[in-house]
Each structure stands twice: as structure tokens, then as C-alpha cells.
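Both complexes below contain subunit A, partnered by subunit B and then by subunit C.
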Partner chain A sequence: MAEPLLRVENLCKWFEVRRGLFSKPLYLKAVDNVSFELMRGEAVSLVGESGSGKTTLGRTILRLLEPTKGRIIFDGKDITHLRPKELMWYRREASLVQQDPYGALPSFMNIYRILEEPLLIHKVGDREERRERIFKALEEVRLTPVEDFAFKYPHMLSGGQLQRVAIARALILRPKLVIADEPVSMLDASVRIEILTLMRELQEKRRISFIYITHDLSTTRYFSEWIYIMYAGHLMEIAPTKELISNPQHPYTQALLAAIPDPDPENRKRFRKVPPGEPPSLINPPPGCRFHPRCPYAMDICRREEPPMIDLGGGHRVKCWLYAKR
Partner chain B sequence: MGVLMEVRGLRLYYSTRKGVVKAVDNVSFQLMEGETLAVVGESGCGKSSMAKAIIRLLPRNVHTYDGSIIFEGRDIMKLDEETFRREVRWRKISMVFQGAMNSLNPVLKVGFQVGEPLMIYDGLSKEEAIARARKMLRMVGIHEAFADRYPFELSGGMKQRAVIAMALITNPRLVILDEPTSALDVITQANIMNMLKRVRDEYGLSYIFITHDIALSSELADKVAVMYAGQIVEVADAEIFYREPSHPYAQKLMASVPTLRTDKKLEFIPGAPPSLLEPPPGCRFHPRCPYAMDICRREEPPVIDLGGGHKVKCWLYAKR
Partner chain C sequence: MSTPRYEMGLKAALRELLSYKSGVMGLGLLLLLVAISIYTVIAIPYDRAISLWRGEGGIWLDKPRNAAPIWIKYLIGKNLPENIVLDTRVRRVGVVKAVTPIPGTNFKKLYIEFTFNYPYDGFPSEINLFFYAKYNATAPLLRIYWVKPGGEEFKLMDYMLRAPDDILYLSINPEAYRSALRHVVEALGKEPATELPIEVCLFGVEDESMLDVSTARSLKGTYKLIIRGTLFGEDADVDVKAVIYGRVWGLAGTDHLRRDLTIALLWGTPVAMAFGLTASVAVSIIHLIIGTISGYYGGKVDLIIQRLTEIYMVIPFLPFLILLATFYKLTIWLILAVVIILSIFSPGIKSTRALVMQIREYPYIEAAKAYGASDLRIVFLYIIPKILPPIVPGMIGAIPGYVFLEAGLSILGLGDPYLPTWGKVINDAYTNGALYKGYYYWVLEPSFMLILTALAFAMLGFALDKIVNPRLREL
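After this line comes the complex of A and B, so read on.
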């Protein structure tokens, strides 16, 4: 079997939230014991509610945050604790597209400078080669005519155009891994589809491994091979996209799917079967399964012991006691 | 079922340094008693402005504000501010403002804030108002003990429920909901939609439900109005709209909605919505419309009645 591009093993990112003189430090376990593998050229959607740890997981993988425990293997190399100097090559191979198109780009640089910066940092090409690469990048994200856009400043562009610049910047060093953190959530519906379609096209063309962080399950169907469901710092379910949507196994995934409407005039006449309550605190998460206080099927063991990740075959895995053979 | 409200030729323009922004430009529609109208459209198309024009809470820089709003038989546009405040705002029509949950007053208890409209509009005492607020909190799914808490002690979903309670407390006939769940997670959102349906069934009230989320709009809509660049370009019953909208913009908008349970080819609308300072001549959608004809570039299309309350502002449907 082919080597995965990225292997994450029992990764934890805990934030220290209080340390008194005498009291023990208190941790917010934003990412707790997360494991998965990402193959080359595959796109994964990382889905979860606000505060579930998606951004923290993404930033920890990119080593923008220091991992607390666990391992990150990228392209066969253990990068978990590489020092800043050794990380240079990784910065080139793995990049980020952020959520807020308005805040992500420096306002005092024109688009050309914004795209040139990573090339300068990583000493790519001479002036002429850089220019060629920047123009090509703008063309790829369809900011044409490129001569017009290259010398504009961020405030002259719409949200959708800014996000194209952010994508061009993330791709300009030809990375193998791109993590896009809610890249379209601040854009209008139609612009969202336009940007996601563009990202998907570039991802497939360049065989980039791609993690699309979102809380919008309905777009994942169109833009990824896999869906990972995250809840309160844990990965709860992993499955191929269609399988996850048509055959969700985790009670949380089932709730999430039940909550999402498709446009349908019948909707106004029916009530949705969704659990009450909201996700738990991550400082003092519920023992056992973190979903148990809201789960309609919770059993005794769910309240006591953390469920293992259970392999259902075909790449479908679920962290729930309902599927444990005992 | 009678007519609750009829809006005719409503306009709200703003003065700005760059010129006049035609945020609501000649908007007309009808709302029946107990019916919910969803208003959908892209960011900046004038949805919130239309809502504010109806409840008459306007910014200072109003340039033009006219038209008529017949509510329960009388033209409330003609009322002076004092009468409007006493008899219409919050008594008959209330509103949940976009982002309202973040503008709860942090130093006042939730029960007081929810009950406040009763003190202002109904002259109730503080005690009576807070007692009613407790009941209303329960109605929207918050334990009444939270009446004595401060906003920071509530989760996002609870804050949103509290501002909805504030809009319901005077027992209005129409509640305008401006993006009431857009900052919330989907499960919380679904819970609040369930609550809004329960309230609707219990009180028989009408909603104007403003959202940019088409799929979500179908959770409440009996009827849908599509706004584009300050104008309503289509109004249709939910049955018709979600299956087969008529206006080219509405069709494109529907084609861009990702569906979870069925496969379809997703489309997007090339180009961007026009400036409301100088909207394109003729049909405002013509620069992005795949069917644009000569007349579309020259003359503003009329509103064409397709029967059964289905109206569309597009030259394709004009008999000539």
C-alpha cells in the first residue's frame, strides 16, 4: 500500500488556561488523541461545530502551534518537534488558507508583493522567474487580466477575489499539503461555490493533499473524498464522503446530518430530530464519551470509559461504544 | 385567511458622500395572516433595509422613505412617529435584529431585558414585566432561572433565544427575523427553527424570515421573496419556488445551493452584484443574466403576474 503523505498519531493540543502558585495547571484539551492518515492527492473535509478544535488541529499539523503529545509524520519524516530552522522546508510543503479574506492579507502590500513574499523567503528563482510564476498563479485563480490585478491592493478587491489571492499565495510554493480553514464561510453562497470549485480544480490538477475545514456539511459532498467528524476535541467518525452522508454511524454524526435542511417546501411542516444542549466545556469534558450527555443511546459504559476508534471496514471508522464487540 | 400586510412601492434610499444608495427600491408584496415570507438574496441586496423600513427604525442619513404599508387595513406609513410607536412598533410588528444576540446589554439581567418592551410599550411595572419575561423564556426553551442571569452566562444559542423572546413578549402579529441563526451551529440552529415553528403554530403569527441561506429559508417559508439589488425580482409560494423558480437570478441562486442528500451539478453566478449607487439600466440583473435580450438592457422589466400570487420581474415573461 502507498505511503500516506501525512500521518497523525494520537495528536494532542492542550492549552494551559490557569496556573496558580500552588494549584495544578488546568488544561483546555482542544485536540485530544486524534489519529488519521491522509493520502497523496486526496481531499478531506474536517467538519465540526464551533469550538470543536478544527482550527487548532489544522494549525498544530502545520506546526503553527506546538503539539502537546503525539506524532506528526509528513512525507515519511517526523516533524512533531522540529525546530524553527528545520521547519523551513515544511513551510514550503504545507500551507494554509485562512477564513477571513479581509484580515489574512497585509493591506500595505499590493497583490504582486503579497505573492512574491513567500518566493523571496524561500529564495525561489530570479526576478524574471518570480514574475512569471506570480502571473501564472494569478491566471490559475482567474484573476484576469493579471496585469490589472497584480498591482491592486487588497482593499480594492471583493471578498471572493481576496480569497483567490489567498489561494494563489498558498499554492505558489507548490506545496504537497494545503489546509483551508473555513475558506468560504464569509462569502455569499454563489461565490462560495465558485471558490470551492476553483480550489478543487487546482487540488486535483496538482494532486495536492487537502484538508478543508468547515462546519458546512452540505458542501463537503461536492469537494472531498473523505469526511472527518470532530466533536469536543475528538475525531468521532471517519468515512468516505458518500458513505458518511448516506450511512452515518456515530450518533453525533446522525444528529448533525438530521439538523441540515435541503431546500424543500415540506420542511416548514416538520420538526427536526436533533438533540438538545450544546457541546461541552473542554476544560472539564464529560468522562467517557464526550457526546454521552446529549446522546439518545448512551449506555453505562459511555459515561465511564472513552470509546475506542472502531474499524467498520472500507475506511469507515467510528468512535462509539455501540459498535464495540464485547 | 385575511391579508395581514400589504406593502406597495416601498422605497428607502440613503444619502452618502458617494451619492444616493437605493437600498430598497419600489418593493411590493402581500403577507397573509399566519403566513411566513422568507426574504432571500445576496449580501447587501437590501434585506435588512427593507425590514427596517417596515418597522420604521431608520438611520439618520435617509434620503427617501416612501410607499405604503397597509397593516390590518390601515396605512401605517401615514402614522406620525408617536402613534406608530404606541400602536405599531412592538405592539403589532416586532423584530429580531441581525446580530442582536451580541448587542444584549452586558450589565442588565436577561429577564429585565426580555421584559423591557412591556415596560416601554405597554407601561407594565418592572415586576410584572419580569414575571412575563420568565414565561416567555420558558416558551423559547430557556429555563426561567436564567431571567436572573447576565448575558455572558448564556451560550450563543440561549442568547439568540432570549432576543427572540424579547420580540415575542408583546404578543405581536408579525415578527421580522433578520438572520436569526446565522452565527450559530447547525444543531443549535435546528433547535431554534423547531422552536420558531412551535411558536408559529401556537400563536398563529406571521414571520418575515430574512436569510441568505436558501436551504434554511425552507424551514419556515410559506412564500419566498427574492431580492436583487434593492428590488424584489420574484415572489412565489414555497411549493413553486423550491422546485422551479422563474426568475433567471432565482434559478441561478437555487443552482448554487449545495444539497446534502442528492447529487446535482452546482453552478455559480459569474460576476458580482451591482452597486446600489448606480444600478445598471433596464433589468438590474442583465449584466449577469444568460438570457438577457436587448430590451433588458434598456427598459426596467414590469412585475408580471403568473397567477396564484406568483410574481416575477423579468422581460422573459412579458407578453408582447
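After this line comes the complex of A and C, so read on.
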């Protein structure tokens, strides 16, 4: 088996919360004990509701947040605790596409300058080479005619166009890993698929590893080979996209899939099984399985012990006592 | 979608500025002040300005004391007396000088006759005679006569030169005064009711009105000042410059030391502009940088900067400045440095910091970190350009404050000891009781210049504010 591009081992990101000057600090465990491997050229979707820690996980992997525990191994190198100067090569290899295209670009720079910044920081090429690369990048995200777009300012573009610029910026250093954090959730429905297919196309063409963070299971099928389901800081289920959608194992995944609106009016009266309650507090998570307070199948052991990751074969893994062979 | 205007470039910004009335006026006034400054610095270089203001070489001696500006005549509709300078060394109509040897001796007879027209209302402020003589052992002996229009010649006094470059202050000479008064009494047959200055005796209409200073009128016509004398020695010679000082002089008038006020008014312009602009720009940029660093880095850096700012806020700025200026006579550039140093950590930092703490969380900053931008790069290329535009109008608007601060210190007598500035003129006026004595021009002229400067920058600031403010809502 080939060496994975990214290996995350027992990664934790805890935020310190202080109630008072002398009280013991509490920890908000946004990401707790997460492990997975990402192969070269593979796209995965990281799905979870808001507050599940999926954004924090993405940011920690990019080292925009300092990991609390665990290890991040990228391309065979441990980058968990590297200092900013030693990280420069990683900044070139891993990049970020953000949710809000309106805020993601500095309003006082034109598009050309925005795309030139990463090249300048990493001292890529001379003036002429940079120019060529910027124009090519704009062409790739189909902002043509390139000469027109290059010297516009962000406020002159639409949301979809801005997100294309953001994607061009994320790809201009030719990274091996791109983390896209809800890249289409703030866009009009009409341009979402366009942006997603564009990203998918570029991902396949360049064989980039891609982590697509979303709360929307329905968009993942356009995109990824794998789906990771995250709940309250834990990875709950990992499976190939088709397998997960057709054969969800974890009760939480089943509930998520059931909650997708059905466009068929025939089914409008059908009752949706949505688990009661809300995601738990991350400062004081429930003992055992974090989903047990809302789980229809909760057993005694679920309340006492955290379930292990259970391999169901074919890469399908699930963190649930239901599948434990005892 | 609204157009963020500052991104349209300098030319467009200027056009935008000119679409506001206050912008046009502010820019016009500013250009005027800049033109005055450039002219001044070229026409009267720094060293010359200082030597002029100190009156080196007695250059102001034939200027009147406390004379109003000449255009006052048109304002009040009275033909106020101007300066009359008569000099035997300058050949012109009305000046006669004759030296004739007395046969059989080596003495010479001197005859000087100054004829001048006096068409003015009111009396001259002073009369002085400046002598430029050459002699060996014995000083020339002179007799001075005065002839009123249509009147008889009468002798004012005898005078023996005390030095080759002697000055006869005719206005305060008792002998001349006695003769002039005697002439008046003889002409009118009465003693005057009040004391008559010699200028009134010499220039007044000789009737009942002259007996009282307040009703005396000047006699318009051709006057003569005659000097007869005897020179002793072959090469003895005397030249005379007679100055009948007026009551108006020049474009700006003169002060108590006969100095031309235009020098101070002109030199005050570049000084005020340089002081205000430098102080305001330096202080704003320092605040911008420190505030941004404080807000962006947070943690210990922020803690130190914020506590320092709070300590600075407790130090009373003006009293401290006055204290320093009192102990050490500071030049204007030192005052500027002290003002900037005293404002390094001031409340402006707090507002910048608040703004930066907000911008720090913007996605584009996170994106920049993700592609490896260093903290310094983020501070200077990502945050400061974002908050600079709303700060510019404030920076321009703060300039008058610093101009007034400098003037205020000068008025208190704490300004630059050498440079002529507007504040110093007001200080002179104040210590010499200008308003009490009615020398309004002395106070009003520098005040007008101060207000003009303040107005120029304030109006420019208002206009810029209107242009930049829509951005503020977006921040």
C-alpha cells in the first residue's frame, strides 16, 4: 500500500475556557482523538452539523490552530509542532478555500495582486513567470477574458466569481492538499454545482488530495471518494461515498440521511425520523458514546464506555457498539 | 453595489474632492498657503529672516513704530500720513545741498533745504534726523529751521554733532520743542490748553483748534526743513537723512520695534504648515502602527502597549509641554519632537486597536496566514491599507490643532526664540498692549493667517471625510 499523503493520529484540539481568575481551566474539546489517512489524489468529504468540530479539524490540519495532542504527518514528515519558519514549505503544499468569498479576498487589492501574493511570499519565479502563472490560473477557473478580470477589484465581481478567484489563489502554489471549508454554502444554489464540478475537475486533473468540509450530505456525491461523518468532535463513520449513502451503519448517519429533504411531493407526508435533542456540550461531553443521549438504539455500554472504531470491511469503519463483536 | 472610492486612484480622488464645495475651498486655500510658503522660503531665506527679525544693522530705523498697514487708509477713508524720507545723498527734486567755502579760511558754509509736500490727515508719528558727517577736530555746527506752508521761516534749534553718525531725535528734543511751542504761542497769541506734541506744533493749522490736541488739524501743503551750518576743515562734509515717520506702512504694518510684520506673517506660513503637517502625520502614523501591532499580536505585546497608553493618558499633555518649554528654551523643531514623543501612546491607539481586532478575524487574514504571509506582512500589507483610508480625514483635520498648539505656546512666550511666527507676533502685541492702544491690525493679521490655515485643513478634512466615510460603514 502506498504511503498516505496525510496521516492524522489521535489529533485533539482543546480550547481552554476560563470561568474566573482562580478557577481550574476547563477545556472545550472541539476535536477529540481523531485519526484518519488521506491518500494522494483522493477527495474526502468531512460532514457534520455546525459545532461538530469539522472546521476546527480542517484548521488544525493546516496548522492555523496549534494542535493540543496527537500527530499530523504530511508526506512522511511530522508537522505537528513545527515553528512558523519551518512550516513555510507546508504552507506551499497545503492550502485553504474558505466559506465566505466576500471576506476571503482583501478588498484593496486587485485580482492580479491577490493571486501574486502567495507567489511573492514563496519567491516563485520572476515578474514574467508570475504573470504567466496568474493568467493561467485565472483561465483554469474560467475567469475569462483573463486580462479583464486580472485588474478588477473584488467588489466588482459576483460571489461565484470571487470563489473562483479564491480557488485560483488556493491552487496557484500547486499544492498537494486543499482543504475547502464549506466552499459553496454562501453561494447561490445556481452556481454551487458549477463551483463544485470545477473544483472536482481541477482536483482530478492535478491529482490533489482534497478535504471538502460541509454540512450538506447532498453535495458530497459530486465530489468525493470518501465521506467522513463527524459528531461532537469525534469521527463517527468512514466509508466510500456510495457505500455510505446506500448503506449507512451509524445511527447518526442514518438520521442525517433521513433528514435530507425529499423532492418528491408523494413523500411529503412521510414522517422523518430526526433524533431528538441537540449536539452535546463539548466542555462536558456525555460519557461513553457521545451520541447516546439522542440514539434510538442506546444500550447500557453506550452510556459507560466510548465505542472503538470497528472495521466493517471495504474501508467502511464505524464507531458504534452496535457492531462490536462480543 | 457601492463603489469604494479610494480604490479609483489619485486622479479620480481629486475629481471627487473637487465635487464638494468644501473640497474646492480647502484645496484652494491650501494651494494659496503652499504658494506663500514656497515664495517665502525662496525670497527670504531662513538666515535672512532671522537677521531681519532681530533688526541687525539698524535696518528698521527709518520705518515708523506701530504703523498700521497702508490699506487701512482706504478702509477708514482718511489719508493717513505715510513715511517721508528725505536724503541729501539721494539727488531728487526738493532736496538741495550746497557747500561753499568761506574765502580766507578753511571753513565751509553748508546749506541744506528739504522741500516736501504733506497732503495727509493727521500728524506724523515722529521726526528724526540722521547725520552722516566727515570732520577732523571740530564737529560741524548746525542750525535747523522749519517753514510751514505760506509761513515764515523760524529756527528750531542749534545743534553740534556729537559723533559722525549722530541721530537727532527731534520729537523728544526739549530745545526744538520749546521753539516750536513758542512759534505757536506767537502765532495764536494764546497758550495751548493741553500739551501739544511737537508734531502738532509743526504740522498743525494755526487757529483756535490747535489749542487742543484733540481738535488740532494738519495743515496740508509744502513744508521746508532747512539746515544751515558751518563746517570746519578742508574735507569736512555733512549729509542728512530726515525721516518724517508716518502712521501707515507697508502691506502689514510694523510693530513696536519698527519691524515689518510681513516678514513674520510670511515666515509664519511655512513654519505653521510644516509644524502642523509633520506633527499630525507623524502622530497618526505612529498611532496606526502601534495600534495595529497591539491589536494584531495581542497577548503580552498588547498588554504592554495598552498599559503604556493608559500611563501616557494620565500625563497631562499641555502642562507637561509648557513645563518643558519653560525650563529649556526649545526651538520649533525640538517642540515638534516633544509633541510627537508626548503623543506616541495616546488614545488614538485604542480606537485603531479596536478596529484591528475586528479585522484580524476577517477570512482574508486567515487565508493570508494559510499561504504563509508573515505577521509583519499581514500588519503592513493586509491590515494597515484597510484602515488607512478612514484615518486620512482625521489626520488632515488634526493639523489645525497642532498649528494652534504651536501658536498657543508662542503666545505664552514659550515658542521658538529665533523664528518669527504668528504666535510670536500675537505675543508681542499682547505684551505691548496692542488692543488697549488700538493697534488692532497687530493682533488681527496673525490671527487671520491662523484661521485661514485652520480653515484650509478643516475644509479639506470635511470633504475627505465625505469621500471616505461610506467605507467606514463597511468596516
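What we mean here is this: the second predicted complex is superposed on the first by the 321 of 326 C-alpha atoms of A that agree within 3 Å, B and C clash if a C-alpha of one lies under 4 Å from a C-alpha of the other, contacts with A are read in each partner's own complex, and residues count from 1 in each chain.
As a convention for this text, a contact is a pair of C-beta atoms (placed from the backbone, for glycine too) under 8 Å apart; a residue touches a chain by one contact, two chains touch by 3 or more.
On a predicted model such as this, the values are computed, not experimentally measured, just so you know.
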item: Partners on subunit A (subunit B, subunit C) - clash or fit; value: fit
item: Touching partner for A:Y153 - first (subunit B), second (subunit C), both, neither; value: second
item: Touching partner for A:V124 - first (subunit B), second (subunit C), both, neither; value: neither
item: Which superposed partner A:D262 touches (first subunit B, second subunit C, both, neither); value: first
item: Contacts of A:I310 with subunit B and subunit C, given as first, second, both or neither; value: neither
item: Three-chain overlay, vertex subunit A: subunit B-subunit C angle, C-alpha, nearest 10 degrees; value: 80
item: First (subunit B), second (subunit C), both or neither touched by A:R91; value: second
item: Touching partner for A:L26 - first (subunit B), second (subunit C), both, neither; value: neither
item: Of subunit C and subunit B, partner touching more subunit A residues; value: B
item: Touched partner set for A:L105, first subunit B, second subunit C, both or neither; value: second
item: Subunit B versus subunit C as contact partner of A:L82, first or second or both or neither; value: neither
item: Contacts of A:I245 with subunit B and subunit C, given as first, second, both or neither; value: first
item: Distance in angstrom between the closest Cα atoms of subunit C and subunit B, superposition on A; value: 10
item: Footprint of subunit B on subunit A - complex, ascending; value: 49-50, 158, 160, 188-194, 197, 215-219, 221-222, 245, 255-265, 267-268, 271-272, 274-276, 278
item: Contact footprint of subunit A on subunit B as seen in their complex; value: 36, 42-43, 155-157, 185-191, 193-194, 197-198, 212-222, 237-239, 241-243, 252-254, 256-263, 266-270, 272
item: Sites on subunit C touched by subunit A in the complex; value: 1-4, 7, 362-364, 366-374, 377, 382, 385-386, 474
item: In the complex with subunit C, residue positions of subunit A that touch it; value: 62, 64, 84, 87-88, 91-92, 94-96, 98-100, 103-108, 117-118, 121-122, 153, 155-156, 166, 169, 173
